[in-house]
């Protein structure tokens, strides 16, 4: 049985309501992780506020994915504290329990259940009781069906709903994984490079989606696509060699010489300018879905 | 250099490529673009021989490649950076790089130094397992690995996925440099327009397994973009 | 039917094929000879060969197939006890007739089975007597594979030895799994056990494939037959033919037949066998003789009653006598066991045995050992008035019969 | 049969799911066999002999066992090379009961103790034989004994995330250890000879052809029930979860499930089915001995499933019956060369039917216009396709 | 100067010895005619004597001092003493290649015409008689020139020396030049002294015997001390008793030390057999990922190759293994390549199906050897140098075959390690096994690599077969006996890690051998298996797991 700090058991059915009286939903304090002597995370401190959308950037190998691994229980840190709200110590829980208390994750490399249909993929991810007997005897309620249909529409895979997931292209898998994340209705979403392999248009849709989620959910996004980051970011945290290098608004970070040196590069300015003017002509979401659904026709 | 004519390709029952024609000129930089799932990766796999051609012809350097095996491609100078990196996770970075030294064109049995100049991070991590690298590091390794075999043609499938901006710039420069200085032909699949514009000289737009439009990058106008790339 | 069908139920594949294939060939040879001599009751004999593949439930299935589907008149078959146990209910249910040609642990008697191999009193006890009296052994290692035959035999022997005044500390019992191949430790223990200044002998009920590594290890650790002789009950000419016999020379085996025994019948048998099998180097062994005797007896009984009807043949079998291959006569006793001579042979360099001792007379096979408390009072007698396989002389009752 | 009836027949079959087909076939076969066995004289060519009845009874037990393996292997990706252990335990539970039913009809005439115990000078039943004379207790043990072993093994192995070949080889070690243990006389299960010489079951003589027929019918019913249950399981959400576990266990965790418990659960269910198979097997073949625990036997079960086609329930059944039948025939027709035939069969099926025989069936069915077009078929097709293609495939599970 | 003297002394001594010898021989030849008649008479009784009456007769024969005596005894011991059924002439019969027997009259040494087996009959002997004969011969051999013969003779007489032997030894001891022989004689005499001497003599005997590991010493000591402690004791006897118990304790502790070393050796030797059996699988299964159920049959083929080699070169038994190792490697390697090309390559990316196909192949191969070589075991001989043991002291010896096998296994292991680690083949195999398509796209001829690797793994299994042919039966089931152990070892060590295979094999071997004396071998096996199942919980990926985030 999963027990929170106060000793109250956490039931499988419900996401816990974390104690966010201080406005912070995720505490990462003094976390260090090392592999064979290599420090992937180095005394990292990070606080994610309830309902905020936080962008996490940093050079390749800075430790962003490792940080997500720590939060979701895939890696146990050598030292440090990770709390969900004030009372739930995530280090006491295993992966599935962490998922159940309300932390969802999209992986850097899209991972979906390849032998299951797109529909089943989402069905399995729905929030709710994850116990054996419920799974055995439970039936989908109408409400849940509607929810799945809605998600399928959002991610543009309605037509592919009964395809085996392994048939999807790379980008479609990315979307499916986002869909699975939506289905789980987590309090905190950890999204690792969501727009890799997406066209400019899709990137924009993703941006919209993530922005709309913020508020009710807390979202942490890792991305290297600066245009994308710029379009969604309120607060940006820059990681470098396992610790926080800079934190602030996008423009603050962007003008930080240190960040430019290790991450953005000299001509970052021009690039981004191009991006906005040419890359993302705005279109509405509905049309996207139509276009993508006609693909496999 | 690379010529495909009337190529049809299926996965089981579903046809992915339809009567596809493509002509890549020697020394050119061609950028293939299209929405998710239109068959870009499939096309590259066909060129690499990873998917045996069901119907149609393929020649590289004037040689018929339809019946040739995958492993014969590196020998005639085709380097490939696949989508999803495909690093050998249990091999060290060094071993990953060494593998392509096997190819017939390689006289030297040492990894060329300039690789490390391009991607200094790899030099630091030579003894680390490929699978342990971060996503971006793996991507760099994948490109480096293709460069080790000293290619004449470099085929890259979304090489920027997950790479930090300054390295994206680096890769852009490298590709341009390789093309200009060594005359390496570059075939690139790319979703991000700015990068495509910067690197590509010619573009190919795909939709549902057809080549819909192609030409010089300079001629890629907003109309085409919104028709085939936007949603 | 215009032929008489003979079922052959020996494993031709799997672990037991090594031993059993030879017996299949023996039966085929006997049938061929019988047919050459005009068949039986004016009909030809026809062999029905199946392969139960060393798989015990398959033995039962194949028996059923032979009896119910092929309708054979008699079955020659089985080697391991468990295969016999598996076949037994089927044979009894369908009232078939089985000839079982291998030495076994006894403690069984079925109306439908004739046991032509040795019972423990026809092999183990005489062998121990020999070691005790002629070799002067006073300290004993009972080494066996961990299954029923060795366990039973060793139980009988232990009781027997103790009755002869051997002390507990002078008996070492050791069991190993089937196919055991790493004997270093055990052989070294035996060596140690045997270096206590008393003449030590090993009684081996080690089964099948485990023997060769065992003897090799004995040889390599320098234990010669003169230091610590080993008498085996499962090592015969056939087993030795697959083995470099140098390290075994001088060790012993107890059987009711050896190829080297000189007799008219044996010479003929060996010659016939070599021609039949087309290999000059092939050897004969004890279970082959048992098959030979069983077959001859069955033929004689069938002739006698003029039918292959199982009940008639069963009754006619009792008392039938045919020459055995060692120059004597084998008689089928009322307990479905044979009278047999017991021979002790020493292994020679050429893989043959040289007889060093034999019982003056034939010994009657005893279905129920006199040395086990559970079966002390049991006798088997398939003639009237008892007509029962396990008759308790104390209570004058017969247990466990289905008929 | 005229065109029209053929057509409606095809229509009916098209509408049926494989569940209906399998259960229906079992039903028809059982009725047919029983009727022909009882109604026709032995000489009639319509007569189904007792031999055939008991033979097919045995095959159905194997089918049940194969079903159990398919459930864990085909659907959950647990390649168990030790299912013979559960089969054997079920068999021993039944064997103990049958042994006690002998009563004083044993060779030593001891009413309390089975023969082998009398012979070993045991004076009383060991504690674990307690209750073995009760039919209900036996039925309970048939489920409980394999269930407990599977539960303990599963808890140990799955919780510490032993998987893949490590798990397979450990299941093999488990059954191997059991085999060695049961070989020992001290274990109190009859050693190498096992339990045999049974007389009757629940008051019916085992030698009576009607009892045999009854056992056959019971086995068929058990198989039908097991099939229905398995089908229900794999079609449920739980089925989807175990399939997902098979392909991407760690991903399942991040969705919030505890795959280890799901695995334990399905493993236990499968073990119980195997136990039932063993229990039904023993009275029909008349013996249970440690040979059933031999690792080679367990591998053979896996081979049945693979031949028939894993990831389809009916495939497992087809495989078990087909291979067993081939073995029966081959060992009689060509006793000296049947291993060539059987070995060749294994190799050929692997090469020609990558998805097993069941995988090839939809193609055949389609040719005859019988494609039921169920979800299941689609699954097969797709799996087959993707494996035929030389796609670049990274290891599936996990992720960054 | 000193040197000169010592040489001179040596010469003198040896001259004396030769002279002495001369005298002896002269002695016997001179008497030969008269004694021979007695010998002839006794020898001629042999055909008519029952086996149980033989011992006194042979004793009488041995008592006759004649050069013939030893010869006759030797022939009898070798089992070559026959007599002609026709006239009971005693002959030394040797079987010829054509099956007839070549005869020599043992008394006159004249050669007789060869005869059939039927014409002659053997003079039977049995183990008891033979060991008696051996001690008679040993008595004669005490004065042999060769020191190892002398040593053997003393060893033979160690157990129950007669008074006469003791006297001989007493007189021989001062003349004995070889230290080992002298020591052993000393031991014999000390034992005698211990048994029958006065109390102070006994005490000094105990002191002298304290360091001897001969079993007879321990036996005598314990028997005596038991006897002594049972009866009333004087002060001195008490003293003797403590001295004896101390000596016993010393000897026992030495023995148990050796026992421990011996166990280690047994463990390593079992381990190296496991290693050899498993290491081929570590490649085909561990590196390539083929669940190779036919691995055991590859071992079997290797063993049969040894058999064939010995069949083809019957005169080269001593070198047969040296020929068989490469031959088996090539043969099974080729079979492996054939299997790979014929079946396994069609199963790329479907590792589980390889289980099914290779299982089929294993059945076929088994039946194939059954058909070709018969289901019986085949006879493979051991060369001289593989038999016997290296006797380090009376309680501790190492068998040569095991010793060589350990060395050989280690050698094979390191060669393989080098191939996989240092050559490009190793790199390519690992690359192909991790991502075939990508490896191909980087110009690796994966088909070739697969074939070669499978061939290598199979070839090494074949080599293991050569080794096993020296330890166990060569029959169709040979492979099945090792397949399960092989998989266990590979998996326990950690799939894909050769070091793991080594450590796993050695530790399983040792654990087994240390358990065996305590629990018996059946239980030891069970405990090891259960232990493995439990251990794997701690290390779910074996002893040396593959690490990193790419795993799982």
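Structural remarks
Should a chain be cited, it is by its letter among A, B, C, D and E, assigned in written order, with residues numbered from 1 in that chain.
As a working rule, a contact is a pair of C-beta atoms (placed from the backbone, for glycine too) under 8 Å apart; a residue touches a chain by one contact, two chains touch by 3 or more.
Everything quoted here is computed from the prediction, not taken from an experiment.
Of all chains shown, the one whose average CA position lies nearest the global CA mean is D. Comparing mean CA positions across the assembly, the chain most remote from chain D is B.
Between the Cα centres of chain B and chain E there is a gap of 63 Å.
Averaged C-alpha coordinates put the centre of chain A at 75 Å from the centre of chain C. Inter-chain spacing, taken between the CA centroids of chain D and chain E, is 47 Å. Averaging C-alpha coordinates per chain places the centre of chain B 50 Å away from that of chain D. Looking at chain D, one finds that residues 180, 183-184, 250, 336, 339, 382, 386, 390-392, 394-395, 397-398, 400 touch two or more other chains. Residue positions 65, 108-109, 167 of chain A each touch two or more of the other chains.
Counting partners per residue, chain B has 11, 50, 82, 84, 86, 89, 132, 134-135 as the residues that reach two or more other chains. Residue ranges of chain D in contact with chain A, taken from their complex: 233, 236-238, 240-241, 243-244, 246-248, 250-259, 261-262, 265, 378-379, 382-383, 386, 394, 396-400.
Of all residues in chain B, those touching chain A in their complex are 11, 14, 35-38, 41, 83-84, 121, 128, 132-137, 139-140, 158, 161-170, 191-194, 197, 208, 222, 225-226, 229-231. Interface of chain C with chain E (complex): residues 12-15, 17-18, 21-22, 134-136, 146, 174-177, 179-182, 184-186, 188-189, 192, 195-197, 209, 212-213, 216-217, 219-222, 225-227, 229, 238-239, 241-244, 246-247, 250, 252, 262, 346, 348, 350, 354, 356-357. Those residues of chain E lying in contact with chain D across their complex are 285, 291, 293, 343, 346-347, 349-350, 352-353, 355-357, 359-364, 366-368, 370-371, 435, 437-438, 480, 484, 487-488, 491, 495, 522-523, 525-526, 529-530, 532-534, 536-538, 540-542, 549-552. Within the complex formed with chain B, the chain E residues making contact are 424, 427-428, 430-431, 434-435, 437-446, 496, 546-551.
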